[in-house]
């Protein structure tokens, strides 16, 4: 099978990770998966959600994520949400939050006065498929940067190491019966099965979300897709580590 | 391993499917997975969403699902949503909608005057773990009933057969390192990995959603869970067919 | 005059009161007035509204009611409220709250740590006229059950007797010039005058709400309707007491 | 019994009805019941609600009412509603709408091009008890003025007579065991039973709303209150007619 | 140039300032600029916004303004806001708030227990151009009255003098190439440039807001308009002081 | 006076204008005024607001602007709006819209089928004072690009020239008694008077908004500030034209 951009089925798009895009957030990363570009920021603030505050001091902190598409990120302008985000965004930001929390020892998110919340914001600058997996991959770098800065500023103690793992994510789809990695928008439209996988550095899965609304998939196909995802994510892990240097 | 209710790891809870619970909806089913009880209704109405209406006549219909917990369904009263449903409910109702649409030939949802929408409502009467999988399993029966009634009433033509497949769903989790089927609330609290699977009658997957926020899982564990899910869902498929008689 | 279901003008529909419908709420009752079915639950929780909390400790508790129609309860699907309930629901839930509070000594709603709120939820499962009067009648039983359970669990002291009276409610309308009791939906559509009455066990009124938007009524007609209501409610009072045994 | 302002139990407060308070609305009335002052306006516009428009041409018009307290109308500032009006306001504006519609032949609310809606707005300038009954009484005059102006401007045909009756309303309460008419705020706080009555010129009732949250009432007491209300409303009817001259 | 109401270009409309319009608010003023009439009230309450409360005791108080048009204030009925006010109202109420705060020493808004907030409400009774400038001019009088009453009641200490200056405002526009003062609605529609100016008693400006959406203006024109505004506002200052006597 | 970054009072910060930042919008510009960075996009779409559609075909088009700060654009994370934008954002986006509309002949915004709307989105990436003036300056370039692309794609006819003027904007403030141009955040905090000016290429003003909440200003000071603004904006006009090449 030939992909429209000449990639092999197992090949992800060119990925770039630009750190320090803006200055106020501890972590501020623009990640690109091909033409998809997402601004991922992480800010560590001295507050915790009410249910955690109710547990009293020493309860550790929290990480929460928000996902948003800028109005100009899509071919036809996307209206801003009036009130709560739309259903798709809610689903995505919950996925991002869970994936990142799997890398954080929340107990160690303790500031001088109270627990800390890591606010992760993923704002899509330009959408071309795979925004949620790009967001997870870029946000992990932003989180690492925010934690490092907080250690420097004293917001976190110098010995705190809340970042306990590394996560990246990639999509796989079945197009014309063949599994392919990291679909862009043109491929996504043609895909019958759509899967998003987030994986840690030790090759264990954090999230496996396979959806076959337009066609279903067998155990065999699932395993092919997972194996392809694992290879792709290992490559993303390397790129993340390279960017951190 | 001993489960607190003496089930084997591969055993689902007693499942009952009560049809015709109320009279106005074409399909009205109360499904129980042990102590979890969900009212699943399906109503077929002469309207389609704006984006489908814009396509003009002959564009077929749509299926949409809403999920809601009654305030008294949980041990501590759950406040009614002010405005849009909360994030978890949004995520669940999107899952239910996708799973059911995989069984419907939307092109055939055509009424005498315009396309039709199947409105599926899943209202949790009593929650004890596994509400989303019970909802999918019960809602499929409600959808089948609503379609049959619509054929009788002439809303659908006598030759229309929009129901083209059968779906049921079950949860699996890893508790104390061991995969177990159909967790109740007490087990869910202890589970480190949580997976929900929806499968058609031909054993292909519609949805595989595995989440390891508290621990991750390997490909091997994933396959064990999937295999357990498949057996469980085949049992649910039988119970659905028995209820339809 | 012949009623379409052969009832006498002074006869209410068959009434059933099913307790313990679900397990989490202290009181959980499904009440039927003919084909109208309402799930009435009562949950006693350790909190009070801000205006009462501002009064400080020993200020007693509160009772609040919410009324909601499930989307599938009506012949055409009723959309869920986006935000606050619609005008009719607001009017009804305020009526239910007032009627039930007339039976409660709010000063005695005191828990071990703070005042208590009785949350009453009336969710209409199936609507066929008279949902608000069925709701009041069923909710009183749910409230009685919730108070009894709270005394058992120690949330209320063993000597507290906050339930100081018994309330039930019924509708009366003028159809074809004749007053009839407990209208179903078909009669309601034809009624020109519509009245809802809630009454205590000592035959005094808590609420009398008569509305003649389509025709008006004289003092004489009002008294005929009230007399009919009183007889009907006395019958409901007996059914409530029978259900409590 | 002596009332704090020396009124007899059957005596209402001084009532004034000032027409043409503002110029844009067809009817613009400031009504005073003692210190209670409400601005009641009526505007007839060329539109009908969606459910009426769906009936097609010749379906007549509609009357809708809104009730609002200005922030400065109460002793402590009342916050403006964020979104929908609060429960009490909803209940009141539904009452006002029903009472006024009982005086209108909606079929005759037809304009040159389409049906017409009479928008009634009751904005409380100063609250001292009885705002809803003052609002109904003043709004009837505003409605009459708006209809007359619309006939002059040609919005209504010269032969249309949609105003087919006259309505006014008054409150009665039981204070210290004695029924008293037209309670001001100081009396309202002490009242155990509270009743609002709207009546037409032919002495038939449009609305009877008696509430005994703090104490209940017997049939005998109800009849005493109704008789007192009838006398009071006949006096208001006269004042309305005098103002119209 | 002849103005349609025969005013000279530099002449404002007849202005009246009626104090004590309602009784609950400390300041309650109906101001008229010709046919434009605005109810301006000021209430001083024992609370401060969260950001000020966070500063702890002795932080002084705040002044906030809200602007609202009554539904009947315009020729076609203006719908009430659902939720937040519309963009134009937001812009206006922020302008009113800033103009009034320039006259208040916020440090002195201290009550016996905590800081105080001056709530200013400007509700337009009848709109005919210039509502925002009328609102500022009338609200200053209401604020002065509210402060005086608070000193009498002891809410403010007898020595507190938080009112440190006097503000009034007026509009100027360019109609047919000529600057004119205090436009009414008919002129406003024809104006190409629109300017609102608020000025203190010492002839310094608090706000200068000139907008040339339909045509632009030169420095020379701006200075002509400002000079015209200054003369007009000095006249308004005199009328305010006369009203305060 | 020495400015903390060594600028002269009349000197604006280094300004950069980066076009084609993203690909979907016709115009996509990142503008920097020193450390302030705003993404300004312009998209021309085939729709018009309801009030314009009601005028029928040939009515031309519209331009509307939205302003938003990304959560990570400020030193402390800014929460996303729930529902409508906050008051400050409303005020700013109305200003941006008016300034840009002064450069557009709306009559010429006609597409092949219907009128067109130019949607301008200004999303602040990094805030350091002067975001609204940077937004206007950058958005004008984005609008010019969007119009050019629409002419190429045939959405606008080849002869349409709706862009009839050029606008840029700058802020001026009085700091320590001295007027200074283009304040950054540190200076803004110290400024007593704050002014924003938008001006066309012919040196006429579109908007002059001077606010003296913390201190007032005389006519002389106003003229000094305006003169400083004019010089600054002429420099911005040159930079815009240079960027367009």
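Chains here go by letter, A, B, C, D, E and F, matching the order in which they are written, and residues are numbered from 1 within each.
Keep this in mind: a residue touches a chain if its C-beta (ideal position, glycine included) is under 8 Å from a C-beta of that chain, and two chains touch if they have at least 3 such contacts.
Source: prediction; values computed, not measured.
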When each step joins two chains that touch, the fewest steps from chain B to chain E total 3
Quick check: how many Å separate the C-alpha centres of chain E and chain F? 28
Can you give the whole-Å distance between the Cα centres of chain C and chain F? 59
Centroid spacing, where centroids are CA-atom means, of chain A and chain F in whole angstrom: 33
Quick check: what residues of chain D touch more than one other chain, meaning two or more? 83-84
Based on which chains are in contact, what kind of graph results: line, ring, star, complete or other? ring
Chain order around the ring, beginning at chain D and proceeding next to chain E: D, E, F, A, B, C
In the complex of these two chains, what residues of chain A are touching chain B? 83-84, 87-88, 90-91, 93-94, 98, 101-102, 200, 202-213, 216-219, 222-223, 226-227, 230
Within the complex, which stretch of chain A touches chain F? 21-25, 28, 35, 37, 39, 41, 43, 45, 66, 68, 70-77, 80, 82-84, 119, 121, 123, 125-127
